[in-house]
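Chain nomenclature is as follows: A, B, C, D and E, assigned in order of appearance, with residue numbering initiated at 1 for each chain independently.
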């Protein structure tokens, strides 16, 4: 059994689950479609790398700072969304990938193009975590992310986001301060992504500007949409499928990206709501199995 | 006592003066009608009051407080709710959730956004009961026919617990029977302590229910008074009601 | 001119129309009245080709059209004023009108007709339609349909958003066009009082089925209709 | 006991696919040649390879897979610095040796005592380039254009130190980002600075753009490149403009050593294009691995010792290797010039002060 | 003199941006789809032209024509085979599908034609203009002339024909456009055909200009073209051209400064975000 391999793949899958769940707040609830999520991911990774390598903090001491930093940066990078909407916003968020990447490359404080290496494994009671331990840590954060995000899905904040996500004009008439909630969405989403970034950096042990490019952002969004935007189960499942698919297709080596690109397109074509989105095959089948009425489903789905 | 007062309210769109020095007084507890030809500026007045547009000139006072220039959500928090002429329900949400969004307006400050909304469902259902949409609570709002979407808009407005409700053409697209029910609804809203100002073209509705009517034409107030005063005003008949209309309809 | 037979239309699994029969003769003005959600809009949309038909037949001047795409129905002489107008918000008034006349070779004279009916549209030729007032949009929607010089005009809620003065004027124009050009009109209308005053015949729709039909006088005299739709 | 498994990770998909493909072909040629000659002490060599798409996380996962599932005795990186660095950590931790073919980030071999590199380090290439520019080509006014990644930046750093030390002047210096293909505006500024030599770091596609656009602008200064240029594709893409370009590399195509000519022919046959530096490096990495395996068997520490013990290994394309010092291959630096549409011998540096990386 | 020459570079660069983006802006304009696969079509154009040149005829114009025809059809195929089924869906659906198609196309190019860059053996047969103040090479001249020609033709189609009006209607409300008598299927297909053919032409021209055809050549285009489209105000052809030129000038100017080392793409996005702060709907979008 290649257990280390499985745990490694599992760890990265977990990290991507955190990312998709975090993107779900921004894109699934608040409908601010972002193709720049890897930028927040990158900021988390770099923040943790710099705090641990340059300032000698431990992973655990750095983590709250990382969350703080990414939240703040989320607020800042969310500002354009106050002026710009829809496809204009999508394109601006693409820009975040390039701008953030360039900043890391340009300033030697961030290691420039030589990156930052020698990022330590987190320690647990004085012992550095091994592969299994790190997997456990990741799992813990995945569960925390899912639980907190599940709680959030039942709050007024989520409802407000869904409302202005669909119609800002009407949402204002409901007393919703759209600008504030947009920033909330960016900040929350970015904070989670920061944790994912920190995990990634400490697991891989090095960060380079090109680790977190535009194609990463695309992956994250594709995972969310494939799984089912607006649902946490969908976000988690999408990350699982799209992370495993190319990994599972290794047997066909050369053709794997062709096939997984094609499969992605087909799956979304046939299940536009996402594999586990509202009204998808799987969900409907599941509901039928439980013999539940549609109206009840509507009730517990805010 | 006057709840809402506008002074010389004016709005220009490029070269077009859509609202021109309107002085409007809406008294507490009244049902105030605003009528006038298409393009007279009625919806624009509502947009100015609710903060969607900034006046070019003029002031708006609500309960003695200047509110012109405030953001829409601030206006809501001060106690003014509105509906839209072209309905805008949140179609991805269920009818119940639509009302919840409005009912939650007190929770959109401070730590409120991080409180669960579950406990408020009962209250939202009560409001739906009040407007007669209770049995459709779990349906997606998109599937409602136009008339019921109008009702949903009213439900949301009530859920905001405002002092003043602005209704923009609430009777458009309703049958006479439904208009009768709408009248009842509006009367109940007023009875529960709110004030209503409405824009409407269906005279059967306006004449019956309003205590006071302001008539706008080309952005200016051309008449004001009780329904019968207004309906017999020759200028109003000429500009708006047309021959043979008006009185007969009321 | 138009015959609808056993029309069945649904939204997903919910049937909105369950076997509707209906007819519009050459040069006839016909109204469909009914409560909210009765299915009036659905009928018109199905005739215009905007909703797929699940059963039944639609014949226009003897020809089955229920399988045709909407644009070829326009070429046959159908035009629709859809519910809520659905004008093109980012185009100017003038472009909207030109689009209404997309299938027509000589749109000039129709333009004059529309402008004389709704002078405000002429004033606002260059205004972006998204900024028009509700009533102005409705005028534009009606004008746009008239630009196509249709044989059969389908109108979903003429009166919605129009000021009282205009409603009879518009209906009067329909009558005039019928007299001058033999245009037929099928109206769906909540405002039954105004509608029944001008049309020749009417259908009362309930829950996706025709509950009652007859001449305008007959319907006006019907106690049920009086109670529910005329506010007597 | 079955085959000896050598693991390889290469970017077969994504932006680095061309280099990955070359590296794979190079490694396969080496394995086939070894097997055709009877394998390693009678055991056949099996190459297990996976695509890492030049991504660090995929490389980490693959490294585990190679080690645990495929039980390779040694790993080869045919990939870029970022994935190689990530994988190196895992090989070192698992106690399996790894050889980086052409990824040159300094931190790769610093990962641990089991991690080696055959590719020529950036310091050596930069220093050799500096000597070449000033001493051999007589440049006084030098412009530097650097590709903004670990490779390009460290090359230029050492080059700059060297030429400044030798008394030349830097008249222009700028970085550009990887993947750039429009250089006209920078080159215009460079022309304004009037250098007599341009040191431009690039991979071959970018190099082709730089060189042809420079010539289009009428810049006649010598253009000095590095092993990134070292692909016949560079000459094909740059066409006429490539003539006279000089590069510092580790591959001497005019070498008469049989292994070089055999490799060049075989690569052309398999890949459909003439061989490049990436393919040659991967070939050599496999050769070094096989050499160590043949000497000492499959024990990791023994393998490491055997590689460190290499003295004058002639059986490699980018060699001969004089030694492994600090887990890096020490060999002569080749200087090639493009003439008549092909790379040709121009000069060789064997001076130890140049070919041994600084600090060793 | 140097300034004039730099302006020429800016112009050519801007023209290539404009040309690449204009097809995209058309396609975006009509269905509001973020058509990432457009960049795949661009690369397809280059590959088709390359194989025509290698196997059929050495004539550049023939290769260009065949490439445009093929890419036009490929565009229609993507519309009818894929986007057609996503029209009623949330707009993020076609975006992701498009990304999937784009990935698959890139991989297909790599598998069929190999991962390496191919040179592009064509001679446009135009002179090189040499004046005392600036030089325009024959390839640059070709790009300027063809871009201008394509754009003028497109401008006329858009503003002088019924097709243009039909497209405007389709872009706002497909269903209502049909109800106006516009043959929506044809209108959209024609739009995709022309837009994709322009992308194909852009691919061929860039292959010629850079003398390079390779599987990932569409990557930069995939986002860069969007920057131009957005800067211009989605769906505006005029805006697209001007935005392309603006970007060409800004990039060239900043790129020529020795101390300014921010990469071209980051510059482009900074310009984009900056412009959107002041004009949230792009330079020529309606506010």
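Details
We take it that a contact is a pair of C-beta atoms (placed from the backbone, for glycine too) under 8 Å apart; a residue touches a chain by one contact, two chains touch by 3 or more.
Quick caveat: nothing in here was measured; it's all calculated off a predicted structure.
Common neighbours of subunit A and subunit B, by the contact definition above: there are none. Note on connectivity: the fewest steps through touching chains from subunit B to subunit C is 1.
Annotation: A-E is the more contact-rich of the chain pairs A-E and A-D, by number of C-beta pairs in contact. If you average the Cα atoms of subunit A and of subunit C, the two centres end up 49 Å apart. A separation of 36 Å divides the Cα centre of subunit A from that of subunit D.
Averaged C-alpha coordinates put the centre of subunit C at 43 Å from the centre of subunit E. Chain centres here are Cα averages; for subunit C and subunit D they lie 75 Å apart. Residue numbers of subunit D whose C-beta contacts span two or more other chains: 12-14, 148, 177. For subunit E, residues that reach two or more other chains under the stated contact definition are 107, 261, 263, 265. Pairwise chain contacts present here: A-B, A-D, A-E, B-C, C-E, D-E [touch as defined]. Touching subunit C in their complex are the following residues of subunit E: 162, 165-166, 168-169, 172-173, 175-185, 286. Of all residues in subunit B, those touching subunit A in their complex are 50-52, 71-73, 76-77, 81-82, 84, 88-94, 96-97, 100-102, 104-105, 107-108, 112-118, 138-140, 156, 160.
The residues of subunit D lying in touch with subunit E in their complex are 12-15, 17-18, 20-21, 148, 172-177, 179-182, 184-186, 188-189, 192, 204-205, 208-209, 212, 216-218, 233, 236-239, 272-273. Residues 11, 14, 33-37, 41, 83-84, 120, 131-136, 138-139, 157, 159-166, 168-169, 190-193, 227-231 of subunit C are the ones touching subunit B in the complex.
The part of subunit E that touches subunit A in the complex is made up of residues 28, 32, 34, 82, 85-86, 89-93, 95-97, 99-104, 107-108, 111, 223, 226-227, 230, 234, 261-263, 265-266, 268-270, 272-273, 276-277, 280-282.
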